[in-house]
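There are structures below to look over.
In the two complexes below, chain A is the common chain; its partner is chain B in one and chain C in the other.
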Partner chain A sequence: MTEPYAAPLDSLTRLRGIRGAMVVAAQDGLVVAESLMGGVKGTALAAMAANLAARVTELSVRAAVGGPRFVHLQAQDGSLLVAPAAEDLLLVAVAGRDVPLGLIRLEMLRLAERLA
Partner chain B sequence: MRAIEPWVLAPLRAFVEDSSARLALLMTTSGQVVAQHGFTGALDLMAAAALGTGIIASSGELALQMDWTPFRTVAHQGQRQSHFLGWFDTPHGRWVALVVFGGETKLGLVQVYFDQLVIELLAAAPPEPVQKQEVLAADFERELNASLRALFGR
Partner chain C sequence: MTEDIRALSAQYAADPSSLVFLRLGEALRQRGQLEPALKIALAGLNRYPHLPDAHDLYARILADRRDYASAFDEWDTALRLAPHHLGAHKGIGFLYYRAGEPEHALYHLRVAAELDPGDEGLRAAVERVAGGREIWDVPLPVAPPTRDAETRVAPAPAAGDPFTGVEGAGQRLLLVDRDGLRLGGALAARGGRDVSEEAAASLAGVVQEAARAARLLELGEWDHLTIEGTELSACLLCPTADTSLLATMDPGNPAGQLAFYAERGAKEARAWLERAR
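What follows is the complex of A and B.
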């Protein structure tokens, strides 16, 4: 794992229900660092999370509410969570069902600030 | 979208739709165009094919010189649009894909769907063709004209 991002990703993946976490380059959707459980395909997830974040940013800017601070996509079996970090980085996490989403959200926002 | 090999069309169409690529070009390593999407002029197409295969060849040679594993993909990122080049082996020899994309998509997405394209092309590819024993000038001209008609409808 890329050294500067090892500690933040470790602290995130230690939370209950987190299946994986990644730092992603927002501009190109490539993985910068990852800590994923088996079965989660990092390259595809990074690319799609970055694309989703770009679309959400476009939407929220058009709605005149500024860029997103946090994106939460709730699916049937879990959630995809994205927190924009430094100018060109995204902190991405995949969580299962029935997880402490509030705690995960707080932790991601805290880590995203540290990455910035 | 046009292709010399009709079985290439469905996978390439899916790739272009999924990746939001602006231009896509499939060619052999010698620069012979197999399929294209988005190119309107024969000259642009042939130049892109020649330059794309040239880049793959030179980056492969660079890897060889440095004793590295050859690069499977090469990406050039620009401000308004970017280029992605990748090669893969088919029963018909090594092919190269050149993809031009803009801000509406991401390099990571193009890479992900390129991997999918390769899987789909390999699944759709007919068995290895029988090699011709001799290449005649008349055959070459006929095949060239047929290729241009297939790619540009002329």
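What follows is the complex of A and C.
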């Protein structure tokens, strides 16, 4: 794993319910660093997160929501969580069902701030 | 009265795995030392992720930090773990009251009052939220109010807008079809500028991407998407297969409240679409 991101990603994946966490290049969806559990497809996750973040950013501008700080896609069996970090980086996590999302959100915001 | 922080800190240092973190975190919180309280609570929560009291402590600290969205989620987690948790019912009751949902607030505060009948302050809070209604003779419902309970009783939307009579209809709810055509409602920026058409044009793309991401990541069908922006928070969902709805709120409101508000909008939209068809 890329050294500067190893500790933040490890601290995130230690939280209950997190299946995987990544740092992703926002522009092209490439993996910068990852800490994933078995079964999570890193490249797909990175690409999906970057595409979604791009669409959300466009909507945020048009709907005057302001720059997105945190994005949460809730699905039946889990969540995709994205926190923009530095200008061109995204902190991404996949969580299972019934997880302490408040705690995970707070940790992601803290880590994203640190990566910025 | 707050406990002696020095003594509690010494106990915690001697045995970090003990449950003394609950008392230490609360003592720090009551003294307004929120940062150290937060560290203690998070350390305890990581050690005891299924302990309702740990989530309750964390939620109280979050509420003191005015992070109501996270506090809501943590109290909600505490109630999932322990449906009769006094602190969580009080906390969620407070958040619902703050968010202008009196019926939900009343339910949780009444549950709390039943759990702690000697708390006069709690009884007074229930009576205040009830707004002068005779409340104690009314049996406590076995479950929280349904989502319909707080929907305003509004006349049928004769004006042709799905959200007529719903709070924030002209500014915070927007219904769009799959081609990005506005069907009803409106969105306003913080300064009041109408951004409905601009937002409508982007919604279909986000909906497609959300569905694709959920499917390819094997997360099942997507339910909703929330965006915490610097100016507003937004929640996107699909009332029907061929429509999407965007609801907005000021940032800082609990995420659960925003999703709840969006669901109310979706319900109105479904009824309106049903009538239109």
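Please note the rule applied: the second predicted complex is superposed on the first by the 116 of 116 C-alpha atoms of A that agree within 3 Å, B and C clash if a C-alpha of one lies under 4 Å from a C-alpha of the other, contacts with A are read in each partner's own complex, and residues count from 1 in each chain.
We adopt the following convention: a residue touches a chain if its C-beta (ideal position, glycine included) is under 8 Å from a C-beta of that chain, and two chains touch if they have at least 3 such contacts.
Worth saying up front: this structure is predicted, and the values here are computed from it rather than measured.
Q: Overlaying the two complexes on chain A, which is it for chain B and chain C: clash or fit?
A: Chain B and chain C fit side by side in the superposed model.
Q: Look at A:R14 in the shared chain and tell me whether it touches chain B only, chain C only, both, or neither; answer first, second, both or neither.
A: In the superposition, A:R14 touches chain C alone.
Q: Could you tell me if A:N51 is touching chain B, chain C, both of them or neither one (first, second, both, neither)?
A: Both partners, chain B and chain C.
Q: When the two structures are overlaid on chain A, which partner does A:Q74 contact: first (chain B), second (chain C), both, or neither?
A: After superposing on A, A:Q74 lies in contact with chain C but is clear of chain B.
Q: Looking at A:D28, would you say it contacts chain B, chain C, both, or neither? Reply first, second, both or neither.
A: first
Q: State whether A:T43 touches chain B only (first), chain C only (second), both chains, or neither.
A: First partner only.
Q: Specify the partner with more touching residues on chain A, choosing between chain B and chain C.
A: If we count touched residues of chain A for both partners, the winner is C.
Q: Could you say whether A:A64 touches chain B, chain C, both of them, or neither, answering first, second, both or neither?
A: A:A64 contacts chain C only, not chain B.
Q: Quick one: is A:R114 in contact with chain B, with chain C, with both, or with neither? Answer first, second, both or neither.
A: Neither partner.
Q: Once both structures are overlaid on their shared chain, how near does any Cα of chain B get to a Cα of chain C? Whole angstrom is fine.
A: Once the two complexes are overlaid, chain B and chain C approach no closer than 10 Å between C-alpha atoms.
Q: Do any residues of chain A touch both chain B and chain C, and if so, which are they?
A: The overlap between the chain B and chain C interfaces on chain A comprises residues 44, 48, 51.
Q: Taking the touch rule as given, give the residues of chain C at its contact with chain A in the complex, in rising order.
A: Where chain C meets chain A, its residues are 42, 45-46, 49, 55, 58-59, 62, 67, 69-74, 77, 80, 187, 189-190, 193, 195, 198-199, 201-203, 205-206, 209-210, 212-214, 216-234, 236, 246, 248, 255, 259.
Q: Using the touch definition up top, name the residues of chain A that touch chain C in the complex.
A: 14-16, 41, 44-45, 48-49, 51-52, 55-56, 58-60, 62-80, 94, 98, 100-103, 105-106
Q: With touch defined as at the start, can you tell me which chain B residues reach chain A in the complex?
A: 77, 105-109, 111-112
Q: Applying the document's contact rule, which stretches of chain A touch chain B when the two form their complex?
A: The touching residues are 24-25, 27-31, 43-44, 46-48, 50-51, 54.
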